[in-house]
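The structures come next, written out as structure tokens.
The same chain A turns up in both complexes below, where it pairs with chain B and then with chain C.
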Partner chain A sequence: MIALLVAVPLAFGFATVAFPKLSRYILPFVALFNLVLLLGFVHPSQVTEIGKWPAAYGIVLVLDNVSYPFLIFVNLILFALSISATYEDKLGVLLLVLTAALNGLLLTGDFFNSFVFLEIIAAVAYVLASQNKNSYAAFKYLIFGSVAGILYLIGVVSMYVYAGTLNMAYAGFVASPEYVQVAGILIVIALLVELKILPLGLWAPDVYSNGSTVTPVALGSAVTVAIFYLFSRIFFNILEPVKPMPVYVLSLISIVFAQLAAMKQKTLGRTVAYASIAGASTVMAVLSSGALGVEKIASAAYLYLFNEAISMFILFTIYGYLNHKGFKNNSVAGIAFSLASISLIGFPLTAGFWAKINLLTALFEAGDYILPAILLVATVIEAGYLIKWNVELWYVDDDSETEEMELPFGAQVVVLLFALALVIVGFMPDLVTAYTDKIASHIFDFKTYFDTIMKGGM
Partner chain B sequence: MIYYIAFILFGIGLYGIVSQKNLFKQLVSLTIIDTAVNIFIVSLGYLHGAEAPIYSSVTPLANFVDPLPQALVLTAIVIGVGTLAVASMLLIHIHEEYGSVDADEIRAAKEVIE
Partner chain C sequence: MQSLQSLIIYLAVGTLIGYFLSKINKHLGPIVLFALSIFGLYALWGMPTGVTESLFGFEGVLKFTALSKYLSIVTLIVFACYGFFNISWISKAKRPAAFNALSILTLLGTLGVFFSAHLIVLYIFWEIAVLASLFIVPMGKEESRKATIWYVVISSIGTYLFLYGVFMLYERYGTFDIFEIAQHIQNASTGFRWAVVLLLLAAGIAKSGIFPLHVWLRNVHGNAPDTFSAVLSGQLVKMGSYLIALILSVFPIANMFSEFYNGVNILSYILIWLGNISILVGTLMAIKQNDMKMLIAYSTVANSGYILIGLATLHQVGYAGGLFHVINHALAATMIFLSFAAVVYRTGTTKIDEMGGLIHRMPVTFVTYLVGIISLAGIPPTSGFISKWMIFQALVSKGMFVTEMFVFIGSIGSFLYVFRPLAGVFLGQLKSKHKEVKEVPIIMQIPMIILVALTVLWGVFPQQVLVWITDVQKEFGMKPFEFEGTVLKTSMGYWDTWIVFVMFAVGFIIAAVIYMLMPKGKKIPLEDQYTSGEFLHNYDLYHYATKFYAFLEREYEGHPSFEDWYLSIVNTLKAFGKFVDYLARRTASAYIFWAAIVLALIMWVRW
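Coming up: the complex of A and B.
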């Protein structure tokens, strides 16, 4: 049944190639179908053997307590995107393929299969990035992304050489840590490019600021969340973690540079793009902070990721529609924008507050004082530029000669609901922490993952 | 020996991506890296004196080269062609937009536009 999460969007994607207009209307229904399937008809833990080849000989799709919440969240973002975004009809087919590939990436238990899904996501991302005459930025992204894909492929093949299998669970079972270091390093570098950690993520500002209502939302929210899942799965759940120090230091530098760059930007699109890089760098810094295996830190990191993904969805959507138009005639957009901003900063009674306070508490308890210090400085800088943009957009002198711009009804509803969700989680953080705690408690449990996959296998 | 060919090709491709200003040359360099990696992967499954992994009455079952790297490379080639097609499309758009595929000239044209 879980294979339908990949098969249905892919089938509709191919079926509507000749009818692009139809794909646009089908997309929300497919995303809704996925959500209904996840919430009502499937439950962790389930394993689907493709072609009835048991693990570790064949490809398996795994729905467990880690992939399940990620799948719900990513499909929720895709459903919201299908309602809120305005795009050319032909992009509907691409978004259906993206939905299939993201679900595949979250479900797969096979290294090479994860490479294939990553490359499908990348191919869709390059086309999305080229929207609004942004082909040069898309090409730069393609060069970065393709080299990353090649490194990931070499990493996967190295894993096969060392472990004799491409099955993630079985590779984790048989591969000794010292042998998989090379594979781990190559895979980490590839994922750092996709997660836009500076300097490997230098492609991101130009791509995210292309003014589209699809590109930054799809890449900055849905794809980023899915790739953080893959990172966690490979390095927490399956392999002994690669020595995290270089990744940790790189992520800290990336946070500082991204926040300073965000402050210096003259356009809102580039400011939010750099803020998004800083957010992803923060999550990566936490996940590679050396306190690996501490469930509380991992849970806080996933809560932070939730807050980032929702807030960035709101900011990028509003930027895509309004550009630098003020909120005088768009009060709904203005309220959503301001709520997302204060949640990103971490004001009390928002999801961002709990994300940051949980993170700081957990890091202090683990004896890490460098990341909290950088996080606090980064928050001050972030507060500075976000408040500046809020003031500027609420009190902009909107000359009447320019074209009136406003959000469509669907986009208004989505950004307002998401903004309200940030506030509700601010009052009741347990709504999300129940899931993030569950992810954190299972992500370090290799034995359960191994047993789930191997049940009926070899 | 075949490993050396893969490493040399990889080096040539990487040098091309880093050193070339012409985006088309960068794309060609990328395909060279792709080829290098495919050669490397196929060479990992190679066994001297072994048979092609095809079941038949004349091939001994126990003396096959590893077929899995070959299957992986087939998929990687298809993915590489797909990426090449997307990149070519982007280059055509870039040329239509800026009248050039040289990175310096594009940057200069962008500054004029902005």
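Coming up: the complex of A and C.
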């Protein structure tokens, strides 16, 4: 059953290659179908063996308590995207393929299979990045992304060499930590590129600020969440939880520099792009700080990721439609924008507040004083520039007689609902923390994962 | 009897109601705010202190202390006057619905801060107050948008330092309850005590505009919507003073820090010096301002300095004086800013040298301003005198003569700077363009008159305020300030406010009688005079308020500016940002370089 999550979007994607117009109408239904399937018909834990080949010999798709919430969230973002975004017809097919690949990445239990999905995502991402005549940025992303892809592949290959299998669970069972290190380093660098941690995320500002309503949302929200899943799966669940010090330090530097860069920007697009780098770096820093196996830290990190993804979705969508036009005639967009900003900063009564408070609590309890300090310094900077943009857009000098710009109805509904979601979670954080706690408790539990796939034996 | 939680809920609901009613008729929003403030006053006035309450099911996070009660009453008086004034003023507001709703939310936030015993709940309410006021500020003048950023950044610096301190405490003691923490903190190591107390105080210092985090006040108070400046200066700044008072009194500061000078501990001593510098900076900068709102904004810096000095002495008289100064400055700042709002309502400008002679046109506004500045400058029989006198007494008895000098300079300086708007705006010659100006509507006059009455009333009969203050002192185990009726007693003597008032009143009556008996002066129209042998035809030329204190300003012309210094830090940081942007705009091969560097780095370090 869970194979449908990959198969249905992929099938519709191929079927509509000849009818690009049709694809954009199918996309929302496919995303909705995925959501319905996930919420109503499948439940963790389930394993699908492709071609009836049992695990460790064939490819398996695994729906467990870790991938399940991630799948729901990613498909929700894709569904919202399919309603809110405006794009050329031909992109519909690509978004269907992206949906399939993201679901595949979240489900797969096989190293090489994950590489394939990763490359499909990257290929779609390059095309998306070139939207709005942004080919040079897309080209640079292509180069960076290809290097990352190759490193990931080498990592997978060396994993195969050491472990003798491509199955994630079995590889984790067999491989000894010393040998896994090389593979781990190669894989982590590939993921850092996709997660846009500076300096490996230098491609992101140009790509995200292209002014499209698809590119930054699809890449910044959906893909980033999926890659964070992959990172957690490989480094927390499969390989022994280790504390990757260089990644931690790199992320800390990335947070500060990204915030400083965001502060300097003169266009909203680039500001939010850098803010999104800073956000991803924060999650990365927290995860690599909590990689020792502290569930509370991981849970807080996923809540933070949730807040980032939703807030960034709102900010980028509104930027895509309104550019710097201001909210005078777009109060719905304005309210959503402001709520997303204050949630990003972490003011009370929003999801961002709980993300920040939970993070601080967990980090202090674990004895990490550096990250909270950096996080708070970064928040001061972030508050400065986000409020600056809010004020500028709310009180824009409208002597310019430019054409009226406003959000289409669908986009208005989506950003408003998402903004409301941030507020509701702000009042009832349990709605999300119930899931993130569950993820966190299972992500460090290798045995359950192994048993789920192997069914107790080979 | 009302509970604290229900009051908070009423205010939350009031925010929504205020918003939607304002959509129907913008004059309804301020009425909601006024009604809620009066209700709050009624509910809290007789509420017993020392009661612990739960909020939305969280046990024991609220505590109604005597300090909460005192500050809440001050706040509600300010908000009631502000709300009433707004009923008429709101027609000038840019976004009335949002303005009204956010005003109510600001009240909710600040009251919540005063009620919280749980540090995270306090932080939440604090941020609500900041957030709500944050979105009101840019509704002011053009420059207010830049000011908003000053506000949010300096405020965030304070609150996040505070938050870091709170979590350090939580990590050590496993609780967020300030009263519980206070029982343990004495046993902590010296370094930890210093770190935590300074971090917690940072929020109060930033909020109350104490040097070196004072720079935002000029921009924010000076550019915010006119009536909201009254709340900012009269009330929100007091939130900072509250936090400072809370920390200094709940924590056993005297036992935590070693004695440094005549029974004053080292932490208090540092705070007193920050207060000294604030007084000096605030006074000198206020003298320079040509914008009347910015002038009073700097005077707020100086007055926060007074409050801090009074509180930090932790002295029977000084602490009481500091608390008394809270209510005095709250009333005075509200009066002054409301009278300015009235002036701007009629003339449309805040520049002192663009006005003059408004005393003939706006007498009630003038009297409000006059009493406000008399109280601010600390002249009897207003209540402003009492608090300054108490702080003075404490400093003398502790032998802190240097600080006393600063306090004295601040007092003299305040005569100078409050005179500038008095002479420039209300006295002198009426500008021809203001000939048609009328007094503001009666609705705006009423709160101003009430504030005048309260200031004089508490100047003559300060008992009620002193009861609130001594309750605070008793609660925190301090020796309460001694007073009997209108006689205030210190170790060095006493002061009877009633006798002083009678003396002033008699003097005033004698002066009035002389004035009546003497021949009346002749009213001369402006053209009826000449200078240098020439008749004046253009009377605007004859009024001077530009470079009013040029002779003084010259003495400290090239002074270092913290505002510029902070801006240069921001520019330096932006240069780093530019560097990142530069890297991002390089070619693809440069990107590969970075990938290789990171790979090499991680390969080398491993993990």
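The rule is simple: the second predicted complex is superposed on the first by the 450 of 458 C-alpha atoms of A that agree within 3 Å, B and C clash if a C-alpha of one lies under 4 Å from a C-alpha of the other, contacts with A are read in each partner's own complex, and residues count from 1 in each chain.
By definition in this document, a contact is a pair of C-beta atoms (placed from the backbone, for glycine too) under 8 Å apart; a residue touches a chain by one contact, two chains touch by 3 or more.
Only a predicted model underlies this, so the values are computations on that prediction, with no experimental measurement involved.
> So in the superposed three-chain picture, is A:N358 touching just chain B, just chain C, both, or none of them (first/second/both/neither)?
After superposing on A, A:N358 lies clear of both chain B and chain C.
> Applying the touch criterion given at the start, work out whether A:I150 contacts chain B, chain C, both or neither, answering first, second, both or neither.
first
> Touch test for A:T282: chain B only (first), chain C only (second), both, or neither?
A:T282: touches no partner chain.
> For A:P199, using the defined touch cut-off, is the partner it touches chain B, chain C, both, or neither? Pick first, second, both or neither.
A:P199 sits against chain C, while chain B stays out of touch.
> Check the residue A:A262 against both partner chains and state whether it touches chain B (first), chain C (second), both, or neither.
A:A262 contacts chain C only, not chain B.
> Just to be sure I read the superposition right, which of the two partners does A:E119 touch: chain B = first, chain C = second, or both, or neither?
Touch status of A:E119: first partner only.
> According to the stated criteria, A:F139 is in contact with first (chain B), second (chain C), both, or neither; which is it?
both
> Who does A:V161 touch here: chain B (first), chain C (second), both, or neither?
first
> Check the contacts made with chain A and report whether chain B or chain C touches more of its residues.
Result: the larger residue contact count on chain A belongs to C.
> Going by the contact definition given at the top, which residues of chain A touch chain B in one complex and chain C in the other?
Comparing the two interfaces on chain A, one with chain B and one with chain C, the shared residues are 139, 143, 147.
> Quick one: in the complex, what on chain A touches chain C?
139-140, 143-144, 147-148, 151, 181, 185-186, 188-189, 192-193, 198-200, 202-206, 242-247, 250, 257-258, 260-265, 270, 274, 338, 342, 347-349, 353, 357, 360-361, 364-365, 367, 372-373, 376-377, 379-381, 383-384, 387-388, 391-392, 394-395
> Can you name the residues of chain B that touch chain A in the complex?
17, 23, 26, 30, 33-34, 37, 40-41, 44, 68-69, 72, 75-76, 79, 82-83, 86-87, 90-91, 93-94, 97-98, 106, 110
> Under the touch definition given earlier, write down the residues of chain C that touch chain A in their complex.
The contact residues of chain C facing chain A are 120, 123-125, 127-128, 131, 134-135, 138, 145, 148-149, 152-153, 156-157, 160-161, 163-164, 167-168, 170-171, 570, 573-574, 576-578, 580-581, 583-589, 591-592, 594-595, 597-599, 601-603, 605-607.
> Show me the residue ranges of chain A that touch chain B in the complex, using the header's touch definition.
Touching chain B from chain A are residues 112, 116, 119, 122-123, 126-127, 130, 133, 135-136, 138-139, 142-143, 146-147, 149-150, 153-154, 157, 160-161, 166.
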